[in-house]
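For reference, the structure I am asking about is given below.
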Amino acid sequence: MAKYPTEPLKLWNKAKEIRETFYRNYAEAHDKGGIRWAGGAWTFDAVPAGLGEDVYSLTSEPYGASLAFNRKLSLECLEATENAGWSRDLCSYMRNYWGSIIINKYAFGGPFPKPDFIWQDHICCSHAKWYQVVSELEGGIPMWCVDVAAGGCEPFMGLSPARIDYVAGQLLDGIDWLEKTTSRRFNDELYIEACWNDFRSTHKWAEICLLNQAVPAPLDEKSMYSLYVLATLQKSWKVIADFYEELYKEVEDRVKRGIAAVGNEKYRVISDTQPPWGFLKVFRYLEKFGCVSIGSLYTFGLEGMWNYTEEGQMIPRAMPDHKPKDREEATRMLVDWHLHKPEYQHFYSPKFKSDFMTAIANDWKLDGIMLHYNRGCEGLSLGIAENRLALQKAGYPVMTFEGNMGDEREFDEARTMQRIDAFMETLGAEQLEE
Amino acid sequence: MAEEYWRWTESRWTNPDLSWKDGEIVTAGVDVGSVSSQAVIMVDGRLYAYANTRTGSDSPNSAINVMNWALEETDGLSLDQVQYTVGTGYGRVNVPFAQRAITEIACHARGANFMYGPTVRTVMDMGGQDCKAIHCDEKGKVTNFLMNDKCAAGTGRGMEVFADLLNVSINEMGELSLRVEEEPPPVSSTCVVFAKSEASGLLRAGWPKEKVLAAYSSAMAHRVVSLLERIGMEEDFAITGGIAKNKGVVLRLEKELGVKALEPKYDTQIAGAVGAALFSKALVEKEKSKKK
Amino acid sequence: MLTAGIDIGAKTIEIVILDDGKIAFQNLTVAGYDVRESLKKAWEDIEAQSGIKLDGIKKIVATGAGRKDTIYASDTITEVSAAAKGALALNRDIRTVVDVGAEEGRAIKVDSAGKVMDFAINEKCAAGAGAFTEAMARALEVPLEELGPLSLQSTQAVPMNAQCAVFAESELVTLVHNKTPKPDMARAIHDAIADRIVSMVRRVGLEEKVMLIGGVARNIGFVTSLKRDLETEVIVPEDCEYVGAYGAALAAAGK
Amino acid sequence: MIEMFQEWYENRHEYAREWKKKNPDGKVLGYFCTYVPEEILYGANVLPVRILGSHEPQNVTEPHIFGMFCPFCRDCLAQGLEGRYDYLDGIMIAQSCLHIRQAFTSWHLHIPVPFSYYLPMPHHVQSPRAYTFLTEELKVFKKAVEDWTGRRITDADLDRGIEIMNRSRRLMKQAFETRKADNPPMTGLEAMYMSVSNQWIDKEEHSNILEIVLEKDLPGRDVGKSDVPRLILLGSEDDDTAFVKMAEDCGSVFVIDDHCTGTRYFWNEVQPREDRLAAIAARYVDRPACPTKDWPRRSRLDHVLELAQDWNVAGAVVIQQKFCDPHELDIPPQRKNLGENDIPSLFLELDVTVPIGQFRIRVEAFLEMLSQEDLF
């Protein structure tokens, strides 16, 4: 008894292909005489792009999620890491990733493809240490890591020149390091182009999320996972920047024609932090109540670039008015752009995150919020209890459930479903016939 | 409360072909654990008598009771004729007649060295509330050890909970768990509290007892294996403590580990007390040599 | 008109039958592995004892962790709203309901209309008070029902970490060896578990009046520790373990 | 005199209240991390007091901090929520780990004080860029303090602040040097009282007592620890005197540590130079690192090994606050390195309260392992 028409996404398969190509490219890079590097989903991947067009990367978080998605392999990885003496409550992406190296299995078949160098940034207590260990496990891979912790200011303000200098400086030093490490010449044109693609991808993704304010929502969170992930792979890759522009048109068209992601949309919620990847069926379960998760600050903000206005609204950040002229300018623009990332700003205070989420709750027309108390990620779970208090104060029903994005042993399916039942009751939702 | 299935049987033994009277050094070791207590009496370092009982909620008496029980069937040995006693276990400080306390970790290593021979390098003590993986040298001296932290899942207490839950005597659980055609997947939670509800769930879903037990036993074995993996497996390998008597856990443990544990010749629960009694002997000899 | 509520918990099944909203009969049955069998048995007892016939009942609503295994019931509601309904019907000034069972603890915030505003349920490793105190009683070799009264004779608070029921046992053993008086240990047990529950209550926000329901409400030691921690009065209904079933029965009656 | 430190440890709040009475125009600032540049605060007549927990069970932080964060940060916040720091005029943190940052932000939200400051202490201390960045941030911070207190901080003030801090560091180091002796003149417990109280007692007062203790108390002092295993204590934040006492009562002595509540706090001094702020910045960038900042190179391995060897320890007790990610990422290599240098280690996870029973057996077994007694 769907209320709205639904259609599968036309670009669905293309998204899948791009993702597969990405992981294959990395694995096969050496066969083509190319370079392999590893780093986080938040890293400034535009920089290594300056080393040439045959430079391929593997980003840690999405790779960790890919492992988590395969529950059997994931368990093997997690236990290998624990048996190597690492604590069970560390970042579960990291534990999956390390395990994949220790047991030498690549999530997409074959042995784990060893990176030639590491290009990382340090956003939480774990990120630099993550690759410190990777380097050790692989017998000493050269590593460059950039500290981006130059904030602590009101969001989108107070990024003084000195603060930008600090991060930009480390990147410029890093470029010299890259040239030494790979004995390749750094190509500024390729770099500037990559920066521009980065801006395009992250700007466009925010605009796509904005379209989800429509009722019915053209996208549900579960499908968004398969789309935003591309930016976490390589936001500076032209293929991905182009894809988002194409995707924008399709989603815009869905809104025009009133196409819904979930036909029986009645209640709109968002989640928070990474989901328990092994248990995405949670979202299908919601649909039985006519409830749709239309996204999250995480899916919107991890790779989407936003501004938070004085009126308390989230609006996509405008593209820079011009392409950077040289390495210096490109680097400073890149830093300024990424230090604005909302999903990063709230590391400094739960108040910011509460503001962003309230803005989403208001303008994306939510009935409630589901907070995933994610034992797998200290960074995104930071201040989550305060967010809960603030959202309730703002008048939104909040449900919390404990779990872990990458360690199924810490997610209790039955109990979570029971919670959802109770939460749906408080929203007044009834389970529809199955 | 109906029958308490978790109550494992207490035991006592006296060496028929040994008399303390012909011996020179008579020493004892008393292991007061949180679940069980053992007393071991040795004559010149040879096993003379032992008793194995459940611990009461006030350990001083547990120590005296178990010791008296061990003495009962000896040829007239009395406590004051025991030259030296070492106390060990959680209640080691509360063995009133002991001259000294030594941890059960040192004692289990020493005891395993005696019970299984000097080739033992890794001792897995599966006790009531904790599991200890111990490395030792050819003399039985501890070189490294690791205990389960954070969570008591996979300890002997868990088995007791299951005994009650399934109305199966704890002594029969191992055998029962092996009566399954094919190995079921391990229960996901070995937490003593939640494993209980998980097991009830399985029973409600129509699983037979043996299948539920099999699932729990392999989960338990798996936890112990990861403890051993973390400290590193060095053969020979010996298992002490109550769970060592549970074939269902031991066989699964050996299978996953790919290592066979040495066959126990004695009650595996007395290892700690044996070690304590041997330390007692060493301490008596030390004092003698001092006097000379 | 007769309606009924069935509360299928981890250990017991409670059934409350209402006649025009007034309690006509209550029954408590130990839940076996086969819930349906236990339910059949319960109904036989009810018929035998009260003469009420199953088919004479207009509507039956089930609640509790095992509500999906139910027969007889045409409808189900969650423990959370059942508890809220029941508690509010017993006392309309209740704003916070604390429901502590064998393996679960819950704190529920309700408004004057009985609408659930917020709720918190214990996570893993926060074992419900029931299972916890049971294990402790055994470790202390004190009959469960005596543990509460015993704790009231305590003269001092002894901190105890209650993260894990079994580790708490070994801490208890340590206390035993330190010659801690039994009453103080008994109190330590209740304080420890009360701390966990109170944390949950604070999460939903403490609002008076507070009602404690569930089997553990019978444990005077726990109730005392809870009051001390919450620094407020705690109402305990005399049929504390039936409140969930009562709420379900009211739902069946359309109340 | 040495018992003075324990008295201070036990009466931290009374002391701060007294201090305010004695210094009507002075302000008290609570800080959450030892990367806070106290030189500037002392220069501004502000008394910095470190916010620490009380090691008592509590049930007030659940609504504010998700249970996967370390017990230490929850214990700290509990102190604020329970009003024990009601005398504070300000709070601040210098960026270190996310856990303690949560205690700070929740405090900022729910326990308002006139002054609240977040100092973005750089993580990449192994990069030369960190010096200039921190120097710039210290300028901003100095300005903020001036606006708060309403008085300029002159170079003379900064020099005074630097000298107060350096003197305290010199004396603390001297005191810890004495523990190198075969018969250490103080126990690990006394040393902990000394170094932890130093984090909230007015440094000049603390230094004056410390000078007397160094001259009068320590020389020739015998605490009966000449023939027990010598240990180093290292890992997460640790002011757990109950644990240290238990471990030493089992027949051991801690002769040195690597904790932010211990040596890491006072180990290096500010090297004076014309640009005072640059000098202060350099001191914090160069100090023995917290694991959050110890990358890409693991500088802590050599530092800890050096301490262990110079203080001639037989073993290491490595403690970690439950869920403390930075140390969880540091401890395995740390223990490996110690082991490869024939220093066995015992690993323990600390919670707000110590499960004495479970810990004692581990400690005793570890000491038995270290002991040379031949019972074989």
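Labels for the chains are A, B, C and D, by order of writing; each one numbers its residues from 1.
Everything below uses one rule, namely that contacts are C-beta pairs under 8 Å (C-beta built on N, C-alpha and C of every residue); 3 or more make two chains touch, one makes a residue touch a chain.
Note that the structure is a prediction, hence the values are computed from the model and not measured.
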### Message
Spelling it out: a chain qualifies if it touches chain B and also touches chain C; which chains qualify?
### Response
A, D
### Centre-to-centre distance between chain C and chain A (centres being mean Cα positions), rounded to whole Å
42
### Centroid spacing, where centroids are CA-atom means, of chain A and chain B in whole angstrom
50
## Note on the structure
Taking each chain's mean CA coordinate, chain A and chain D are separated, in whole Å, by 36
#### Entry: Shared-contact residues (touching 2 or more other chains) in chain A
85, 385
### Query
Which residues of chain B are in contact with two or more other chains?
90, 130, 150
### Task
Enumerate the residues of chain C that touch no fewer than two other chains.
123-124, 163, 167, 170, 173-174, 177, 203
### Task
Assign the assembly's chain-to-chain touch graph to one of these shapes: line, ring, star, complete, other.
complete
### Task
Could you please specify the touching residues of chain C with respect to chain A in the complex?
65, 77-81, 115-121, 123-124, 203
### Message
If we count contacts the way the header does, which residues on chain B are in touch with chain C in the complex?
### Response
34, 56-59, 90-91, 93-94, 129-130, 150-152, 155, 157-158, 189, 191-194, 196-197, 200, 203-204
### Summary
So, in the complex, the side of chain B touching chain A is made of residues 188, 226, 229-230
### Query
In the complex of these two chains, what residues of chain C are touching chain D?
123, 159, 161, 163, 167, 170-171, 173-174, 177, 191-192, 195-196, 198-200, 202-203, 205, 229
### Query
What does chain A use to touch chain D in their complex?
84-87, 89-91, 122, 124-126, 128-129, 132-133, 135-136, 143-147, 149-152, 160, 162-163, 165-166, 169-170, 173, 347-351, 373, 375, 378-379, 381-386, 388-389
